[in-house]
Amino acid sequence: MLTSILIYIFFLASAPLFIGVVNKLKSRLTGRTGPSLFQPYYDLRRLLRKETIYATSASIISRIAPVIGFVSLLFAGMILPIGFYKPLISFDGDIILFAYLFGLARFFQILGAMDIGSSFEGMGAAREATFAVFAEPIYFFTLGSLAFIFGCTSMYEIFHSISLNNPAFLVFISVASISVFFLMITETSRMPVDDPNTHLELTMIHEVMILDNSGLDLFLYQYTSYLKILIYATFTSNFFNPFNVQNHYLGFSIYIMIIFILIVNLVWIETMMGRFKLKSIPQYLLFAASIGILNILVYSFFNK
Amino acid sequence: MENVLNILFCLTLLYLGTTTRIMAYLNVFVTQGILLFVILILPLFNKFSAYTFILPVMILAVKAVLIPIFIKRKIMLELEVRKSIESDFQQFNFLLLCVFTMITVFVSANMLAKYTLIDSIPFAAAFSTIIIGLYIIIFRKKLIVHVIGFLVMENGIFLLGVSIASEMPFLIELISLLDIFVAVFLMGIAINKISSTFAVDDITGLDELKD
Amino acid sequence: MIVNIFFIGIIIQMAFAIIPLFIKNQKTCSAVSHFGAMAGIIISFSATSAMLLFKPPALVDIYSHAYWGMFNFRFDSLSLFFMILIQLLSIPVLIYSYAYQKPYIATGKSIKLSVSSFILLIASLQLLVVANHAVLFLIFWELMALLSYLNMIFEHEKPEVQKGSFIYFIATHAATFFLFAFFLILHSVTGSYNFSDYHIISDGSALYYTLFVLGFIGFAIKAGFMPFHFWLPRAHPIAPTYLSAYLSGVIIKLGIYGIFRVFEFLNPTDPFLGWAVLVISMFSTIFGVWYALAQRDIKTLLAYSSIENIGIIGIGLGVGLLGLASANQSVIILGFGGALFHTFNHAIFKTQLFIGAGIIYQHTHTRDIERMGGIIHSAKWLALLFLVGSVAISGIPPLNGFVSEFIIYNSFFKTAGNFGNYYPFFMLLMTVGLALAGGLAVAAFTKVNSIMFLGTPREEQKKLFNISKAEYISIGIPALMCVIIGIFPQTVISFIINILQGMPLVASYGRDYSMIARIFPDLMPLTKIFISLFLFAPVIYMLKKFICHGKTRISKAWGCGYQHLTPRMQYTASSYADELNAIPAHILLIKKEATVIEHIFPAKAGFSSSTGDYAEDKIVRPVYERIISFINGVNFLSRNDVRIYIAFILGTIVLYLALAFIWKY
Amino acid sequence: MNILYLLSGLPLASGALFFTFNNLKVKYRLSIFTAGTHLIITYLLFAGFIAPPQNAWFNFDSLTKLFLMILSNVFFWVTANSYKYIKHSPIEKIEKSRQIFYNMTNLYLFANTLALISNHLGLYWVALESTTLCVAPLIYFYRDKESLEAMWKYLFLVSVGLAFAFIGILFLTLSAHGTEFMDNALYITVLVSGASKLNLIWLKAGFIFIFVGLSAKIGIAPIHPGEVDAVSNSPSPVAALISASLGGTALMGVLRILQILSWTSLLQFAQILLIIGGTVSLAVALIFMFRVTNYKRMIAYSSVEHMGIVLIGFGIGGIALTGALLHLIFNSLNKTAFFFMAGNIHRNYKSREIGRIYSLLNNLRWTGILFLISFLAVIAMPPFGLFFSELMLLQGLIANNQFVLMTFIIILLLFIFIGMSRNVFRMLYRTTDKSTRTFNEHFEFSHLSAIVLLCILAGLGIFIPEPLAKIISDVTRLFVHGI
């Protein structure tokens, strides 16, 4: 238990680092020195010192929204098995809670954006809502199919009943992990779905939603987004995670390794690919979902 | 003897088919009344009693005297109706229809006479009278002619009643006669009112009520 | 004895529906009737809950009718469940209707008819769910339709009210005819009118399926399953809001009650029926919420979202049917239990949302959310209470909506686990469908909240928000219930287990409490997490407040350099939902008219979009109009000539004689 | 025998007496006295407190008692309400018809009672014809074009129809030829007892002629128009009389014949004819519900519909027959109240056009609400009786496995309901910009009587009292046996 708590604290602490590494590698790939690994920490510290400005049209919603978003993701993270360690929260059906905690965060982030009443935030919120509608099915297609196959609804159990005795799993899990990777990109609004460091409000999704936030609110939002991407990365990593490794340390190092691989993938994609047209993003998500269908079909026929 | 009278009755019907004058219609009606009277009287000769005389006399009075006079005075003269019956149906075809109907009725009456105990000729005569009375109502436009058609029909019914030797107590027959008389009376008044309010004496005025 | 107390309560309610009609002063009349009725409801409610605790005498005979036999009531667990539902929700709705009538009284409008008929409606509903005699049931069923109609025409001067109430009346009458056929066939099969005698065992005969279809459709029309829902989005907006709250909260739930009864009578053991119900329900769920997303009239939107939730309940029912088909206790219990639980929850938060919508309507005098905005600045608590309802109905933790959906998800997993072969695949599809609906619900209700409450007012409000205590109480009670049930679902779960024990459908598979309780997923972790959420979030909030204390500033919103942002420039609801609605646009029947801006000095441009309803515009209305035009086409009878009539006499006689001639005896 | 004198003699006497003087108020009071006495005696007979007289010419079996009760009840309420309607009629300057009103209604009561209690078909026919003659001047009450035309059509059509009925009666005598009772073959009791000896061909023919002939008076399609015109153009009390009591009286003739047929193998044939007639009437009512522009005509068509339902009930037999009898009673109560309200509307708006009536519910509160409620009763909403009787009808249909017919009837009922409610709601709710007239209506006696009638309707639906149940079971026993 204590170790789990420590691990989780470490997890929370290292959330910005993930982005730091990503940015660093990205700039390296494009032949720049790039910011330091800890740049996100500096940004957060800067935000802490800044004063918080509220729009005239802002109401209590935009004051509580960042808090609720942060807290819900905090609890969502507790459900994830990190490395080989038992997560803080684990019970039957926690995969549903996991998905819906994200829903809670999204709900209030959208409200917080709409609270300003400016049409830029409106656009961002609308896109967020739209893509989220497709994100949840992907989640359930992948993790849900696993749950149906193993007949258990707790994330920890699911990921620990994965074993390679059945070669179908290799196909299955790799495909699932791909669609989850898509999911991650969408949910954390990275390239090619969204470009975090563009400077045209019209084309942004996540950034435009927090356009009018500053200071502590922005701090919370930023940190929440760092946390979000790390949570999704961990989630993806879990698909490959232990392969029957019974040793905690080994498991954890494997976890770190996979995270790093993911980072590389992410960076590679972000540097290689251009941004999708907003209109074409739903098809792209549907494709990811359809992978999930294919998945369960493959599996169920394999079982026959 | 009765059969002869019945045939006469049918002849009057055919005359109705040919003529186009209201006066003629009225006369035919009177004739029929007299015929009815005779038909009713005939069987009474051997067993005579004043009591049974009342009904024939009443019929004679009502059908041959009262109603014709009423119609003549009250209607024909008060509102000088044009003398011809307005028909929206070729007279010749009407006659054909009547003949055809009578033939069918007679044939079917004969068929029925095989199965049941009716004497066919009076029955057929009565029935064709009824139907032709209906034809007169259906194919003529003048209201007064409708009334006459109704009366012809009633004659037919009386004939039927006689022909099948109805056990109808004559008291009932009297009252029914009265009923019809009153009905005709009301109809006459109504025709008066209609022709005074609508300024027409045929069906064309009466098309207010519709959905 | 308890039963007598219950009936005393009912009688009190009826008395307070009738007596105040003789009070001249409308204000006192409304006050007396509402609070008297409330007292009656509280009495009957206490009786009901007492019955729930110590199982009462099942049957109560009223009197023996000359032709229909003994009219009697039966207090079995299913009826007690819905009774509790009715009584629990009648309290806030009554409080609200009291507040609702006030302004109308001020204008001198006569409100007596609607007040008394509404209270009679409540009383008759309570009798409806305990009616054990088919004819008695039909009487109260029709009374329900009738009295709610009498309420619906409260503002009968408005054309849309006339139209909507008309559609409602027709639909409910058609439903009743289905039920006539259903019960009469049941009677001819079983030779009895008592519900307690109806135990048809499924044989493959056509009659059996006819019965099932008749019963299901008859009740589905009332419950609002797609495609039988067409009356619902027409009736809700035009009804006075307390009634629309009651319609959505309680009355359509009685359709669910009826469907439960149908299952109970027919004991369906054919998985095909289960799948059919599941498909219909999933259809209602997804498209109900998608239609909801497309609406801009708040009450219509809420009505469509009711269709969605009815669909979710139906999913639970379908799963239960699958369980019955293969006699699997846990699936039956999870399915029906989930259905009951969601029925309960939806009743609560839908009532709350409608009341909120009604309060807003009375202050802004519009139902079009595009004309609202920034209400949170003038009515903060109203906005927050409405927000609670929205979060709950979107099935988002930590409120009650999530818990019932959680159980239904669990029923999927349980089904898949227990049945194997092709079940997991379809159950996965169900799961994904439900998740999709959840996402859409989030979109819809973020839209509602943000457009109505947030930002700045799009049109200057006609009068200030001064929300009375009664209104706050009426919307606060359900909100509180949402939170409490969300955190401590165990209470309701145990209640529902009590109900399930008594249901014949379930009871045949064991009536042991602990066994049933073990089937339900363990909800304790959820409770812990939610409590910690509720504790932790304020702490963070306080911390934040403390840190940025003195370092806050109010300033204009960032206009991307543009300096003169006007309220009209805010994001609209239609454009918010546009990207999602574009996907099934041909099903939502979305029409857009826009004038394109062309030259350098453009002319006045405009844009308008509207949505239809496929079932109504493409199915019901065309058929109806076809029939009407056929009827109007028949005109050979409308000749107004006495001679024609006489010809008719002759013709009829000839016809009959011909018939007589060919008739062999 | 004295009961007979009271029942029939009193109305005749008062009717005759009224020709001698011209004081409307006195006539009104006296008529109320007559109607009240009639009602009391009828009720005593009905509840079996006094034994009916034994007489070859008169027949006081349960069927007669039932119809007598209906007639007497309707007549009483009509008379009690009539004064206001004829005193403040929408059309003025009709003093003459005001004067003859009570004479005619009393004579009508006499004739109708006679028709109901007569045991002799000829007597029945005569009495029925004379009811027509009594009603005709009442139809012409308003003395305008429409009423004149209506009177003409009613008089002519019904007379022709009754002529056919007379032919039918003659055929009945013919069918008794060769039997030992051929000399008094027109006594219903005789015919019923000796039914098995009758000649089937003539019996069949007789039934057809009587059924079709009387349809003109009952208001069965396709010979309904005369009745509809009469009902829609006469003042409301008369309309109530015609559609609530006279139709029943004519129907009783058909039922008598049916009673005879029920001993023979022809019953099924007769029932089929009844079902055909009833269904056609339903269809016709449906067609016209969507076409009427005149609310009194609408109500008239609704009584065509209900008569159709009654016929179908008799055609089906069994529980449906009970339902049909109840339906007859309920319909009479309901139509009376409905016509009172229609009369109030006519008096206040001075128009019978649906298009001219606007926001009734606001302008005339009492009339509007009672109109709405009696409409709800007409479309068979509980707790009103018609709901139960229609339920019985459907149950009878199912008991006979007539599923197709049931579906058809249900669809017809649904669309009749739609068509009717369209019109009624238009009258109740529609608001016009030019509604300048101000109405002020107070609680009147007509409202009270409508409320009472509707309460009886609801009460009888939910709780059937003992005597009524007994009478109805007796009546059903008249029809069910047969071969």
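Brief remarks follow.
Going in written order, the chains are labelled A, B, C and D, and every chain counts its residues from 1.
By our rule, contacts are C-beta pairs under 8 Å (C-beta built on N, C-alpha and C of every residue); 3 or more make two chains touch, one makes a residue touch a chain.
Note that the structure is predicted; figures quoted are calculated from it, not measured.
Chains A-C form the pair joined by the most contacting C-beta pairs.
Chain centres computed from CA atoms place B at the largest separation from subunit A.
Chain centres here are Cα averages; for subunit A and subunit C they lie 37 Å apart.
The mean-CA centres of subunit A and subunit B are about 102 angstrom from one another, to the nearest whole unit. For the pair subunit B and subunit C, the distance between C-alpha centroids works out to 70 Å. Once the centre of each chain is set as its mean CA position, subunit C and subunit D turn out to be 44 Å apart.
Shared contact sites, meaning residues of subunit A that touch two or more other chains, are absent. Residue positions 638, 640, 642, 646 of subunit C are each in touch with at least two other chains. Under the contact definition stated at the top, the residues of subunit B that touch 2 or more other chains are 134, 137, 146, 206, 208-209, 211.
Listed by chain label, the pairs that touch are A-C, B-C, B-D, C-D.
Here subunit C touches subunit B in the complex through residues 638, 640-643, 646-647, 650, going by the rule given at the top.
Contact residues on subunit B toward subunit C in their complex (touch as defined above): 131, 134, 137-139, 146, 203, 206-211.
Per the touch definition, subunit D reaches subunit C in the complex via residues 152-153, 156-157, 160-161, 164, 200, 204-205, 208-209, 211-213, 215-216, 222-223, 225-226, 265-266, 268-269, 272-273, 284, 286-288, 290-291, 319, 322, 359, 361-362, 365, 369, 376, 379, 381-383, 387-388, 391-392, 394-395, 398-399, 406, 410, 413-415, 417-419, 421-422, 425, 428-431, 462-464, 469. Those residues of subunit A whose C-beta lies close enough to touch subunit C in the complex are 48, 50-61, 63-64, 66-68, 70-72, 74-75, 89, 91-94, 96-97, 99-101, 103-104, 106-107, 110-111, 114-123, 125-127, 129-130, 132-137, 139-141, 144-145, 147-149, 151, 153, 201, 211-212, 215-216, 220, 282, 289, 296-297, 300. Here subunit B touches subunit D in the complex through residues 112, 115-118, 130, 134, 137, 143, 146, 150, 153-154, 157, 160-161, 164, 166-169, 172-173, 175-176, 179-180, 182-183, 186-187, 190, 193-194, 197-198, 205-206, 208-209, 211, going by the rule given at the top.
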